[in-house]
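To keep things simple, chains are lettered A, B, C and D as they appear, and every chain counts its residues starting from 1.
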Amino acid sequence: MNDQADTPQTPEAEIAALRSNPQPTLRAVAPGMEAHLYTPQPVLDHGFVRVVDYMGDDAAIVQAARVSYGAGTKKARDDSGLIRYLMRHWHSTPFEMCEIKLHVKLPVFVARQWIRHRTANVNEYSARYSVLDREFYIPAPEQLAAQSRVNNQGRGETLQGAEAERVLRLLKEDSMRAYDHYEEMLSQDGQQGLARELARMNLPANVYTQWYWKVDLHNLFHFLRLRADAHAQYEIRVYADAICEMVKDWVPAAYAAFEDYRMGAVQLSARGVDCLKRRLAGETVTQENSGMSKGEWREFEAVWG
Amino acid sequence: MNDQADTPQTPEAEIAALRSNPQPTLRAVAPGMEAHLYTPQPVLDHGFVRVVDYMGDDAAIVQAARVSYGAGTKKARDDSGLIRYLMRHWHSTPFEMCEIKLHVKLPVFVARQWIRHRTANVNEYSARYSVLDREFYIPAPEQLAAQSRVNNQGRGETLQGAEAERVLRLLKEDSMRAYDHYEEMLSQDGQQGLARELARMNLPANVYTQWYWKVDLHNLFHFLRLRADAHAQYEIRVYADAICEMVKDWVPAAYAAFEDYRMGAVQLSARGVDCLKRRLAGETVTQENSGMSKGEWREFEAVWG
Amino acid sequence: MNDQADTPQTPEAEIAALRSNPQPTLRAVAPGMEAHLYTPQPVLDHGFVRVVDYMGDDAAIVQAARVSYGAGTKKARDDSGLIRYLMRHWHSTPFEMCEIKLHVKLPVFVARQWIRHRTANVNEYSARYSVLDREFYIPAPEQLAAQSRVNNQGRGETLQGAEAERVLRLLKEDSMRAYDHYEEMLSQDGQQGLARELARMNLPANVYTQWYWKVDLHNLFHFLRLRADAHAQYEIRVYADAICEMVKDWVPAAYAAFEDYRMGAVQLSARGVDCLKRRLAGETVTQENSGMSKGEWREFEAVWG
Amino acid sequence: MNDQADTPQTPEAEIAALRSNPQPTLRAVAPGMEAHLYTPQPVLDHGFVRVVDYMGDDAAIVQAARVSYGAGTKKARDDSGLIRYLMRHWHSTPFEMCEIKLHVKLPVFVARQWIRHRTANVNEYSARYSVLDREFYIPAPEQLAAQSRVNNQGRGETLQGAEAERVLRLLKEDSMRAYDHYEEMLSQDGQQGLARELARMNLPANVYTQWYWKVDLHNLFHFLRLRADAHAQYEIRVYADAICEMVKDWVPAAYAAFEDYRMGAVQLSARGVDCLKRRLAGETVTQENSGMSKGEWREFEAVWG
């Protein structure tokens, strides 16, 4: 855009001004979600998640399913039972009929993981167009974890003492120095000033960015299953956890089904089914006679003992 | 699903019951769209389009763009100007921040064209699960067009007299007979009754189906540009036209920009640009010296004379 | 398009002419797939599936995963083990690195189910532009099933005797009559001739259409899991089964992993895990003390007894 | 993955070893593309683009279109004419029938722009799992541009003298220091060593990453139109330019149509069409009587004078 910046109102102020008064609507309203609207939920040291808008509720899922199944759908089956049925049988389209729009502030390295979920709409703050703020994620001491010795993409024990101090110092100093230099390069005070689209390359991946992220409930559940999982990196998991709390209040029946059939569920391979059946029949099954590799067997035992 | 059907409430009755009373919301409300909610807009002889839900308004587009561009966005540029700028420069993501959910009743051959737009969510009435109604599209006499002699996928003049009568009679008789046989095959009266998932194959493509269709505004504009176009088949164009009227009331600024930059726009190829520049310079340009094929030139002349 | 048709070469002849001679390539070649290329695999009474092109092989999956995991990937883990690991942990992107292009001829009611898988590329024969052939799916007698009494979207026993004969007669007669009238309406012999885009609406859903369908291996596996499943409608399942045979020869390691972790796998809900653990501990679990609904319990028992 | 790294073969060596010998195939072969296969095309100071695989050629586009249009497609229309027709009329599905797989090494800030194109498949090198190399993008002196004074997201003149030197020094020093600290934090020499998924956050956005990127030709053209455009940031444009050269050799007819109808094309709004028609009729049109804003008029004049 070709305009000079003047005194802008922040998006936050704008939202507050525009949306402070309830207005009547004929659309589906989810009371539990209204309570979340526009209230930033703090995440990490400078981040947040905030619901900007939503479409639909538990009843909207049921209503869409009834269009699909027409008069054949038994009214006596309560909505919650139908939602559980749909979730159990991977009938995903009725869940796509709900939509959520979030405003998220998050470190760039988290944003890079997040954006891999392609079935969402995104408007990100442009560091090509605007100047980023001096805000960097610095892990809390209890999150400063060593590399796992057994898992190439996991964390081990928490760093202690001098090592922990050194890491925190390096992260803080490098962040501040990088930002100082970013400002120096941008400055038009006595010099031309480097283009913003170039200067940004000096900022490390713990700098915060923000975006609007809009996604349907089916794809959100997929995101949450992967990112609220114990194997997800802590720094994205806390965002997923915060969103889970919102979804629980938005579509309680769908969320309960999601917990039972996705978050708490276990996938058994054909070999795994065979092993369990043999166990139920009283046989002693070991890795050697399971047909599984050591890795698979370790994962199998983690659930079934 | 494994349930017996009993006396269901129609989706229509359900919507009416659930949503007859306005409720307060903190979300963006588009007054022009509230007026459309739940009111079926008749299309063709038995079809309709009805807005079931929507998310966002013109201000939501601006708000998303301002997250992208941050403090750099001049407040003095009014919202409409920013929306025009975004549309002109193909910045599509802010338009993706609005969403609409429609309930549509439409002939199957129209549904088959419509579904080719893949970036939408759909719940269609299942003829595998339920029984379709005895409703078929029969063209109005003025829509009974001959095959175009010049365009392999277009219509020519309206059929007249005996030919028109014969066509209408065949369409009506075949529809009714197909439905009679559909019912006969399904009947469990004195016989087993054919599976619904098989019996449906006897129904012609003018039978009506219905679905919930949910799409973001950017993809909806793409749909409308193609389907509200003069070259689209009449039977889908009338749906697109009905939706245009709704969108105009929902996001008036975005719709105005869409009309100027998409519906009324003309794409010029590099060769076309060259020809126009030569004309502006006073040269007489013909197909022979244009570098265009006969087909291209015909399309060029249709716009520029 | 604005051209008159003249004597066209069929796509089949064209393919045969263009591709009859092997040519050297530096790309990944899957010998098992080369054997399938261009050979139509018959499905149903007039349909087929034919591989037109493919990209990648088992090694391409591994190679893509190794870019993901970089130098950390142990060479000693054999390719098949890595592929099993990726499949088990839902790492889908390496599977997206393989692609297949199929030419499929199929009844319209099957095409309508198939097209719901949106993550594919499709070029369908246009009945707006061209005239469809006189080919209709008529079920084999052993596929003429009654409506299931327990499952709203399933089949029961095979129809017998007079009922079966009557159904077959109706399907055949209605198909032929609809096609006769289609031709009559289109005819320009002594009349104008109805536009093709209108005449097609008279054809029933068992008429054959054809398309090119291109999809990546991850999305193909998703399609096959749903459509090669015992609950899928027979008429689409036979296509999925034919494709399974091709995929098995194309990417044998990936297909074996797919069979173990998807086709033969069982998903257990949190409640289901709890019930199995109680059983393994020697407890007698019944529907009443399982926490499951009757429907869920029925499905649970079907697997675990 | 739970394995220890041992001496891996680089992906490069692996490809070379596996693919050094041509093998016979029955698939479509594009000779112009075979010449590009596996040869990294250098981009920026440490980046590259390399074709790993491709599917289809110009003839494959035509073939798919002929399935759509069936016998109606005139053989006499040559392939190039049909491809031009398809491109001109936005018939995108035949172009989706070609696919390309690239291996790209690129700075993270370029990757962040690139990934916004969602309709592609991606496998990125994981800095959670592996250690990134000490490679950073440092702009060539002639690319060290000042912020544009007229365009918030553009570049102005090249920085000179002391300012240029200072910027280059800061970028180099900060990169090297950040990497030194990255290594220090990771080190397990006398300390536990920070988890890789945390240490990476210290690396600035000019560090190089790499990925496999697979996309169909239609979506690739969309990417190229935006990213090979004069308004795209230089650092992504050079990748787009390199890919253009490959596509030109792969599908020469499609690429020529793309140049004429997309890259060299001009979109005129309804107002723009009106202004040009008035000019052609001899009228003098100014911004004041054009109906356009100043910004629009500036863009209009840039093309039409």
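Definition applied: a contact is a pair of C-beta atoms (placed from the backbone, for glycine too) under 8 Å apart; a residue touches a chain by one contact, two chains touch by 3 or more.
Worth saying up front: this structure is predicted, and the values here are computed from it rather than measured.
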Pair sharing more residue contacts (C-beta pairs) when A-B is set against A-C: A-B
Duplicate of the B-D contact set - from B-C, A-C or A-D, the pair where over half of the pairs recur: A-C
Subunit A and subunit D: spacing of chain centres that average the CA atoms, whole Å: 28
Geometric centre distance via CA averages, subunit C-subunit A, whole Å: 33
Set of subunit A residues in contact with two or more other chains: 1, 3, 5, 69, 72, 85, 122, 126, 129-130, 152, 295
Of subunit B, residues touching subunit C in the complex: 1-3, 5, 107-109, 112, 115-116, 118-119, 122, 126, 128-130, 137, 139, 143-148, 150-157, 159-160, 163, 166-167, 170-171, 174, 177-178, 181, 184-186, 188, 191-198, 200-206, 233, 295, 298
Subunit A partner contacts - residues on subunit B that touch it in the complex: 1, 3-11, 14-15, 18-19, 22-29, 34, 37-38, 52-56, 59-60, 63-77, 85, 93-94, 96-97, 99, 101, 103, 121-126, 129-131, 210-212, 214, 216
Complex interface listing, subunit D residues touching subunit B: 69, 72, 81, 84-85, 88, 90, 152, 226, 259-261, 263-273, 276-277, 279-280, 293, 295-296, 299, 303-304
